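Below you'll find the structures, each written out as structure tokens.
Heads up, the next two complexes both have chain A, just with different partners, chain B and then chain C.
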Partner chain A sequence: MSTMTLYVDKKSFIHHVAPLTKLLYVMVSIAITYIIPKLEFVLFVTLTSLLILAIGKVFRKILPILALSILLIISIIIVQGFFHPENQTVLYSIGFITFYKEGLTFAALLTLRVLNMIMSFGILILTTKHDELVEDLIKKGMSPKIGYVLLSVLQLIPQMRATMGKITDAQRSRGMETEGNLLVRVKAFFPLIVPVVLNSLHNTRERAIALEVRGFNTKMKKTFLNLSKEYQYTKTIQSILWAILIVTIAWRILS
Partner chain B sequence: MNTIQVNNLHFSYTPGSSVLNGIDLELDQQTTAIVGQNGAGKSTFVKLLKGLLYPTKGEILFKGKNTRDYTAASLAKDIGLVFQNPNDQIFKNNVISEVMFGPLNIGQDDQEARHNAISALKKVQLDDKLDTNPYDLSLSERKMISIASILAMNTNIVIFDEPTMGQDFAGKEKLKEIIWDLRDQGKLIICILHDMDFAAEVFERTIVFNQGNVLADGPSREVFKQKNILQQAHLEQPSITQIANELGLDGNYLTDEELIQALKEKMTS
Partner chain C sequence: MSKKSMWTLKLSTAAIALIPAAIGINYLGKLFAGLLKLPLWLDSIGTVLASMLAGPIIGALSGIINNVIFGLTVDPISTVYAITSGAIGLVVGVMAYKGWLKSIKTAIVIGLVVGLVAAVVSTPLNIIFWGGQTGNVWGDAFYAFLVSNNFPVWLASFGDSIVVDVPDKVATVIVSYLIFRGLPKNFISIFRGSDKIEEL
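Now for the complex of A and B:
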């Protein structure tokens, strides 16, 4: 079946790291790119995330999302390269457009941060079973309601993808040429968003009822269906991550 | 004419797990039922006929030409497919534009499309719901909308994927009329069914699918006679046939009329 999850089922070292450890990696790797706003350092962190994605054999899956963010990145570069308040040093000009060094440096920094953010979330989402992640969070004390919302959100993208596929099939089979032409497809998709959203709202309500009749809101202490899996190196990796965070904060304070 | 020739058709969604393993069939003018247990590959088969999927091996020839050389959209003029799940098919937000979508795409002008749409909706008795949002209708009504939207396209071949799903007696009677009406217009009707009684009563030919193979194929009367083969495909005989068997009647019976006739004769003799 076409799987309704973003999780990519492969065998890799990264798949065998505990979900919460990966979540910690996401937080630390994003935080340190802000704590130390140096281009070389942020580049290094970004490349690390890239490397981890590659080890997890999911690099190709992140490409479409990176491609989508190109637009955002280009606008960052133009706006900052043009208008950054500290712009002084002219780097080069094309016609009447002038790019400044300060602005571009800042733009590069922002771009790398965005890329790193996308990729580190990618590591978490693509190599971790979502229900396991959420269960672990709930065991740590997160409200099951938030867990449910989180799972639903993670479900959204594959759901949209599946809906899009179904609708193009429905259109193709009734004589609408969709093959190849992206513009036609996008044009065809927009009028559909209304029924798709309505339908998903409807589903949400049904699911809420289904959950309720099975005692989702009960005040009793709940048990868990799945046993916690044992992961290796959890302590080690988490300590290293905490250490990195502390070192960067110290560096920032001291320098 | 409307023949579809299927030669050594293989298909798999994911490499390694085969869904259809070598199907040879010729589909011609007879009304044809396809039966088989869940997951036998029936829906997959009709999606291949329709050009929504392409064979991994083998070929499908329509009017002598390979479906590989057509797009699904260009086949739409000739082959109409009613999806199993109406929710996979309906995407407009009012009934009339949903039903007019196909006709407009295959080149009917606005007036003609509206005319065909309304007469198709009349056939399913939903012509009083033109401006309703299909999502506000019940599942069985949505199924009827999805049927009407194919009927309005007036194709020479009409494929139904489980039209009786969720339909009550009146709905099934309506479907019978529609199918017979299409047959009388000389169209090729192919229909996936789980309702053996309906298949036996309405269709001239029945094809039994089992795990991606054709297990039996022939006149419905012959196919439904073969209890063993049906059992092998995890199917039941039509209930009339079963009753006749239990009563120890000779011959085989597909419809209530046939059985009643036979019983009457027995009683008078």
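Now for the complex of A and C:
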């Protein structure tokens, strides 16, 4: 069954690190770039994330994810570069456009933070199977019901995406217009979305019955189908990450 | 509308199974809006419908899980707005249970409130994470206009969010309300957690 995933199946050290350790890395690396607002430091963290991606052999896969946020990054550079309230020092001007030093420094900081956020998430999602992540979260105490919801979404969306083409074709064959002025297109939205909604609500009811008869609501302790994998250096890496977080907080308070 | 309190944490299986469906509807709503080149996202129809059907808790959960899932599969940036989506579900759920789902006019009021709440919740997030912008061309142009006219950053950022969120959320709630009104009655009773399906 196809699921929605960006996981890249490769053999690397990063692939053998526990999912929760990688999740901790995501949180720590994002947090410290906000705790210490120094350009050099944030650049260092971003480069670290980049290095980890390279070790995990997934560097090329992060590029399309970065491309999604390119608009936000361009907007940050332009708007902060021109309009940052503390703008004073003129860096250079092209015609009537003037870039200021303060604004561009701030924009660089923000951009690096965004890049780091995306890349550290990338480490998690490109090198971790999501069912392993969810299973580990459940073992740590997350409700199995939430775990079910998370995993079933990932299976449901490709199914629904497949029905999308079917519905569009069916409604077009009944004479629905999907091109033209705004009113025509707004009108076309309803015949498209309503079958999706009815279909999925109907399936929801059947799924609820199927879950009930399989003991979804039972209070018994749940067991796991898959053996838990052995991961490397879990304790060591996690303690280092916690130590880094504590040191940065201490640095922030003391300086 | 319901004898049970809307804040109950004893969620029925049907209500839990509704969450993945809601997220799927969100996703297709966005795809269809893109397909028809509508100038809106319409990417929270599922969350809004889930709130109307099953109350604020399920609505908020749908919203939060929606953004977490998209953060983990498509676009990490969307995780940041999980709180906003949760708030949208919460507001719609509460207003629906308080009886604001009577007519298209009251639905528009819900849409306005939701848009306002979404903007209020998003503004601090936008300021903390990207210095106040949203990444939406029109919103950011408005932001730049306000900042260059010496408005404070938080107000400019709030203006940015308002321009982006209110029209989209009003449209989303209207669409969801029209769909909700047309749903067969037995669909609605399942998710209200009343009785039958729980006692299989």
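The criterion applied here is as follows: the second predicted complex is superposed on the first by the 185 of 255 C-alpha atoms of A that agree within 3 Å, B and C clash if a C-alpha of one lies under 4 Å from a C-alpha of the other, contacts with A are read in each partner's own complex, and residues count from 1 in each chain.
The working rule: a residue touches a chain if its C-beta (ideal position, glycine included) is under 8 Å from a C-beta of that chain, and two chains touch if they have at least 3 such contacts.
Every value quoted in this text rests on a predicted model; they were computed, and no experiment measured them.
S.K.: Have a look at where A:203 lands relative to chain B and chain C in the superposition and call it first, second, both or neither.
M.R.: second
S.K.: Is A:105 contacted by the first partner chain B, the second partner chain C, both or neither?
M.R.: Neither partner.
S.K.: What's your read, chain B or chain C touching more residues of chain A?
M.R.: C
S.K.: Is A:172 touching anything from chain B or chain C once the two structures are fitted on A? First, second, both or neither.
M.R.: A:172: touches chain B, not chain C.
S.K.: Just chain B (first), just chain C (second), both, or neither: which does A:48 touch?
M.R.: Touch status of A:48: no partner.
S.K.: Which residues of chain A are in contact with chain B in one complex and with chain C in the other?
M.R.: Touching chain B and chain C on chain A: residues 178, 192, 194, 198.
S.K.: Which bits of chain C are touching chain A when the two form their complex?
M.R.: Those in contact with chain A are residues 11-14, 16-21, 23-25, 27-29, 31-33, 35-39, 42, 45, 49, 61, 65, 68-69, 71-77, 79, 128-131, 133, 135, 137, 140, 143-144, 147-148, 153, 175, 178-179, 182-183, 187, 190, 197, 200.
S.K.: Could you please specify the touching residues of chain B with respect to chain A in the complex?
M.R.: Touching chain A from chain B are residues 13, 50, 52, 71-74, 76-77, 80-81, 83, 87-93, 101-102, 105-106, 133, 135, 149-150, 153.
S.K.: For the complex, which residues does chain A have touching chain C?
M.R.: Contacts found on chain A: 4-6, 34, 65, 68-69, 71-72, 75-76, 78-80, 82-85, 106-107, 110, 113-114, 117-118, 121-122, 124-125, 130, 145-146, 148-150, 152-154, 156-157, 160-161, 164, 168, 178, 182, 185-186, 188-190, 192-194, 196-198, 200-201, 203-205, 207-209, 211-213, 216-217.
S.K.: Could you pull out which chain A residues touch chain B in their complex?
M.R.: The touching residues are 1-2, 166-167, 169-179, 191-192, 194-195, 198-199, 202.
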